[in-house]
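Before any comments, here is the structure.
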């Protein structure tokens, strides 16, 4: 078993994808921001508070486009679509985040979907931290990816 | 209870900190990347694999400096120090991440510390995903912060 | 009369502000996006379309923070506050934009306020262009600025 | 009539272009910076002041390449050509700006051309503001675009 | 003999590559950081100092991806591979840097390879400057490039 | 002798400057781009070619402002002044570059001056490479710095 991002001496390198085929690729990632019930109510009271979720959605989409600037060995991929869904979940006291990224390219878009989820989560934290510093971002994971030589992956929950 | 990042109509705004005092501020955040035991062993086999952790450390530090570009309403803070510690934790099957940020300014550096943690975690995911797509990033939280009007906060575990 | 951003040979330079005092500075800029009445109605039909204005507001705020990356000779200023107001104006067929920026520093924040206005305007254009390519962005101007050696400026309309 | 950048609930999304064809696309945008006659003379006195227009031209080209970082739902397009023309217009007291962008891709480059125009205009404002704060940026519009499913668009003046 | 980045009036422009073919392109660049023998020993003492070279390697790779943001008329190229090699050279008192970039595109990747070399060199300077401010970065040059209409170029040493 | 950017285990860290005093700091760096005599003549033929040097000057200034994004452990410093001078040197067949950076802060601006020099040099390379791929960037060094605890440094040539 080898880490593809390291050469034989353990030195970081950007994997050479020049010999790969460009195929349609999709990745779906998810995460959850746990918060106090009172904080969640502030986010859910309808349109007056709508800008928190809108800001998180937009921040997640914008961050996905800049993934290769943040993750050292990640290729710059021209994304064809990014979507971020945020759902207040009163039962589990928090906001569920789900991001989908698509491209036609030589590398997958898992990192783009995961980056969208984490930056959306950080934005929620930022906008609510004045009332609740105990929020926890968790369960950030790849749910599913398709395209490319390694084919389909589905996370077993 | 009010969300400071929204005006009275619920519209996003960047909080006005012009009347605040510049004080010494510090924030410590943490997170954990859970992975397969075999993946963890690849990271822990000593120097040949050292660049994974070095890359994650550096990516976390660099991301902290760009927090205000990622988080829509976050102020641009001239950081005076950022550190990222990564510890392989064989007992819990993963890598523990801890980031500390400091500045002398009018706003806190919680978001900078949290951004360092999440981008370090995403970098580990990226570098190991060819062998393990089931990794989960979790427990991302503020451990402690000091400085500013709201004083000291310590996370109760 | 001299252009401060050019040296005596006409070569671009970043004005040296090291001898200036740091004072409280504020700038207010404005602009207007003219559009078809039908386009404006799409933006005004209440919350379902709310994300257009939220996206424009957030894009304007985020761009203000990156002004010095866009404008070659602009100093990097740690902004203390940025606000963007968008008002649908049925009488003049369009959206009025107004941005306010504040800092305590050695240079003014006129460019930050103007950048917020133009990027908010471009975001409205982007989100509505599928239904209306004839929109025009205009009247982008500094309404008022205060602070610094040159004192208060108020635009005469 | 629908805004393509919003889903059915009015939430912002990046339009999915994965099913579109990559075609040759071009967009031409224009704008105008109105200024005091004395300010315009400073810009027109030949090469000694040449760096103002050179700086504006370069800033416009550089900004076009970063359009997708500024405009939240804009796709990252590998531009094949960007040009910015600046013409001092003594009759109308100002500088006319015209930008052309080209790519072979799945999305148009209208936003890239419009971003080049506005950032070139802001750069002129920045470099002349010490002598004239009353400048106004206006008439920013798409003149023409071609390529893609919607075909040719020509602005009716 | 003409400079392709200037139009007939000497004004900067981004070369139009829309009519070019996309081919496999590669560029190799090199450079050298000369330093005091004592400084070099600090870098070479094995793993404890390993993060200096890891940081330089990663900084070079990350900068290569952002070349088009730094170099005004450079096209944004989706890189398929970037590698940076650093070799302590005790005989010539310094660190030799060599970077390789690859893409399938309409423009070459010489600037990406050269940017990787210079930013890796600057990172070494930064990390060692507390003990040695006399370091000199030199011999930064293109060793070889292939692909595209102009074919193969090999630097004659 | 210790490298301040590494902790005792050799791991990269951003040096903590919170206890340092903010003082006036200045750094001057230089470099040289060697080229074919014919290439140099193209740059020197007066205003028609003026945009090459203007573009290099502007690129150097803009890069200086983004130094902390490129160099992993470099602090984000609000620069108060950056200047880049380019001089065609017919005797040594090339262009001499000299950059000066100033700030009032807790860290020096050596890296900002060196980054301005190297990016200006890379821009000259980019704009002339169609006629001369054999150019060499060299002699990049710190000429002088002042301010801060370590006082004045002057490069001995």
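When the chains are written out, they are named A, B, C, D, E and F in that same order, and each has its own residue count from 1.
Keep this in mind: a contact is a pair of C-beta atoms (placed from the backbone, for glycine too) under 8 Å apart; a residue touches a chain by one contact, two chains touch by 3 or more.
Note that the structure is predicted; figures quoted are calculated from it, not measured.
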_What's the rotation angle, in degrees and to the nearest 5, for a C-alpha fit of subunit E onto subunit F?_
180
_Per Cα centroids, the chain farthest from subunit D_ = B
*Which chain is most remote from subunit E in terms of Cα centres?*
C
*Approximately how many whole Å separate the CA-defined centres of subunit C and subunit F?*
31
*Please compute the C-alpha centroid of subunit A, do the same for subunit F, then give the distance between them in whole Å.*
37
*What are the residue numbers in subunit A that touch two or more other chains?*
11-12, 47, 50-51, 54-55, 57-59, 62, 66, 72-73, 76, 78
*So how do the chains connect up here, line, ring, star, complete, or something else (other)?*
other
_Residue numbers of subunit D touching subunit F in their complex, please._
47, 50-51, 54-55, 57-59, 62
_Of subunit B, residues touching subunit A in the complex_ = 1-6, 9-12, 31, 38, 42, 47-52, 54-55, 58-59, 62-63, 66, 69-74, 110-111, 114-115, 118-119, 121-123, 125-131, 133-142, 145, 153, 155-156
*What residues of subunit B sit close enough to touch subunit F in their complex?*
24, 54, 57-58, 61-62, 65-66, 76, 78-83, 102-104
_Can you tell me which positions in subunit D touch subunit A when the two form their complex?_
7, 11-18, 68-69, 72-73, 75-78, 105-106
